[in-house]
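Chain lettering (A, B and C) follows the sequence in which the chains are written, and residue indices restart at 1 in each chain.
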Amino acid sequence: MPTSGCRLDENPGFFSRGGVDPRAKVFVTFAFLLVVTSFGKYEISRLTPLFLYPVSITAVSCVPVAKLLRRVLVALPFVLFVGLFNPLFDRQILFKAWGLSISGGWISFVSITFRSLLAVAAAVVLAMTTPFDRLCLGLEKMGVPRVLVTQLQFLYRYLSLLQEEAVRMVRAHALRARGNRPKIRVSSAASMIGFLLLRSLDRATRIYRSMLVRGFDGEVRLMKPLRFAWSRDGIFVAFWTLYFLTVRFVDVPGRLFGWVLGR
Amino acid sequence: MHMADALLSPAVGGTMLAVTAGLTAYSARKLKESPDESRIPLMGVLGAFIFAAQMINFSIPATGSSGHLGGGMILAILLGPYAAFLVLASVLVVQALFFADGGILALGCNIFNMAFFPCFVAYPFIYRKIVGDSPSRKKILLGAILSAVAGLQLGAFSVVLETVASGISELPFRTFLLLMQPIHLAIGIVEGIVTGAVVTFVWKARPEVLESAAQNTPLPGVSLRKVLAGLAVAAIFTGGALSWFASTYPDGLEWSMAKTAGTEELEAPAERVHTALAALQEKLAFLPDYGFRPSPAGKDSQPEVAAAGENEGKWPAVDPATTVSGLVGGALTLTLAGGLGILLRGAVSRRK
Amino acid sequence: MSHHFLEVRDLWVAYPDGTEALRGLSFRLEHGEAVGLVGANGAGKSTTLLALAGLVIPCRGSVNLGGTVLSKQTVGEIRRRIGFLFQDPDDQLFMPTVFDDVAFGPLNQGLTAEEVEERVRTALEQVGAGHLAERPAHRLSGGEKRSVAIATVLSMMPDVLIMDEPSASLDPRGRRLLIGLLKSFTHTRLVATHDLDLVLEVCPRTIVLSGGRVEADGETARIFQDRTLLERCGLEPPLCLQGMPR
């Protein structure tokens, strides 16, 4: 998928610096995803209470809803494409209501759509409410090897810079070529990429030099101000874990429905 | 080739995460054995380079469509398998977090499919075998094409296996395979041609870059094979155990909960037959439990309809009444969640 | 503080591709001096600075900082005492946040957490960037990046500051701030640039490079009056000496 010009924004909001510990958020995200994926493929209604998680985090933090929705929708087409095979292969009629026969395939298709919305929303919420440097700190404290953490930090740091170089290159090519949306041939793409690569190698050399003159000896040291506050992060983890487990083992929408009918 | 969480089962996602974590730790340890400080900024910048290179969209000859570089093989050629694996892993993490390309739970699968095969299979056993220590234009191109094709074929095959094992998509194994492999053959050839051209470009402009890459990265020898064997055993074992678990106890999580809560005895299998029968009975009854008609009192146990249905096969997997009431309940729940969100946001903005 | 001169004697540097970038360079900086190193593109300014910090290996000649001769053994110590400001702040700010970047040097020096914090705060305040500490570097403006890059050098408390094109890609206001800052320092300073106006304001003395050699070395005002010398070295006299209204 082309990653055209996206900026990696993290929103300083309720959950940012001084907010919930990134480790707590990573844990809750994985717990959430495990619960989402653990439901059977025909499950729809019991997935719905899980929407409370992304919705409430979005509400409480300062994540702009439109931006979140855009990101979530970007991910949908591919999943829907694969999901659309389900109605094709699973035609067993599961129920008839009001003169409508619905096959298992369509039910699992809707279920896949819901799963996708939930999973992507959880990822976007994690990314948008956590400054990336804190997320990396958290990952390291959770046991991710140091090289990979440093790697993530460097990658994130130079991402937009190199992307801008690439955009400039594509624009320059467009100006030179004829036609208003000129296509890049494989051969010229290769030399553009090669050129970009050489520039990246130069950049790496210069960064290395600037690290050396500041005493770099092979280890990237960080001051680590991360502190897990039980009164805040512990409660965050406990609350959501409990909520996810409840939703997993109790049919909340079913009960809700029964309750509304006055049972 | 990015897999999403929506089509994944926790067993497959978890197994692949464990496998990938092992590979990451292994690569990190290997890099520590031959420390090279300049590699740290180099890896970082090359990770960013992959994103930048992917913004250059080129037209694919004779198809009318356009594509962009994957970049796995370029990294392996420039950095050697271990560093390249870590760089690709970081690229996939950032893609999952910020570009919604592949899910977070699916990270294990994605890193395995898109980083393991090019770095640990295609590069050492194909590219290096062909190019050797005396590169030439032809050898680089041939090596790049063959290794890119092999890496992508293996990756695509792995995607099919993981998806089918997850059981969320209904795509049959054969159909999915016939869809994936040819497409990725074409993608692999284009990827290989571009990779070969870029590597040749760099080799001509800065031969020392490729030479140092080749020198600094000892080919994985016996130890890699051992590790691979270990990983395979671990994966088969975990995967096998998890799927046995999943099939024996249709609802693994529930089962383990019940176990720890002590409500279910060890003779769980016998119990299961009972529950299955109960579920069946419930299905035959019109609108059980919380359906349109009040059910007999004391029937609090939730019928595991979906799971039971999968096992029995013949019976409809979903109970119509449950579905209708479930749908209304679901809609209601969604409205509630949305309303809560609006209330929360209101409260937060008032506080500011 | 010790009296630390910086002396370069007969320095020759060739790049792997055969380019002879420096061909017998010699000069000496005294304690606290501010010297401009000017010359056209490719004259060898950047190479000179790299050689001073031991980042390129000269094939001949010596670098002497306050009595310590640059060698494989002393390169660490010399780098500790030299603060190097690179041309592109994006090469110098590689850490996740401004704070981490400014703390990078002090942390490598093995200081305690409190000392590091103190250093970072002081350095950032000195360049007027205290409020940027928690920001990621890639979100800063050009001027802010430059200020923070200077802070990353100051936090190491160097004796000598060497700077490569510090005013490149700065807007007029950023450039003014930079000039004010450079003037306020008391370190020994070597500023490589082709911004002659900046040299005129900051450096009483100028060294002119051409083709990897010292073409002239002397009082800035006098050198900038010598139009034939400047033209020969591919330079233009500063705007304020061209009789332009400012």
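As a working rule, a residue touches a chain if its C-beta (ideal position, glycine included) is under 8 Å from a C-beta of that chain, and two chains touch if they have at least 3 such contacts.
Worth saying up front: this structure is predicted, and the values here are computed from it rather than measured.
Counting C-beta pairs in contact, the pair that comes out ahead of the other among A-C and A-B is A-B.
Put simply, the chain nearest the middle, going by average C-alpha positions, is A. Separating the CA-averaged centres of chain B and chain C is a span of 49 Å. Between the CA-based centres of chain A and chain C the separation comes to 42 Å, rounded to the whole angstrom.
If you average the Cα atoms of chain A and of chain B, the two centres end up 14 Å apart. Counting partner chains per residue, chain C shows two or more touched chains at residues 94. Shared interface positions of chain B, defined as residues touching 2 or more other chains, are 41, 44. Residue positions 153-154, 156-158, 161, 203, 207, 211-212, 216-217, 220 of chain A each touch two or more of the other chains.
Listed in rising order, the residues of chain C touching chain A in the complex are 50, 53, 55, 76, 79-80, 82, 84, 86, 88, 90-92, 94-97, 99-100, 103-105, 107-109, 113, 116-117, 134, 136-138, 152, 156.
Remark: chain A residues 17, 131-133, 136, 153-154, 156-158, 160-161, 203, 206-207, 209-217, 220-223 touch chain C in the complex.
Interface residues of chain B facing chain A in the complex, by the touch rule stated above, are 2, 4-10, 13-14, 24-25, 27-28, 31-32, 35, 37-38, 40-49, 51-61, 66, 68-69, 74, 86-87, 89-91, 93-101, 103-105, 163, 167-172, 175, 190, 193-194, 197-198, 201-202, 205-206, 209, 251-254, 257, 289-290, 294, 302, 306-307, 309-310, 316-320, 322-334, 336-338, 340-345, 348.
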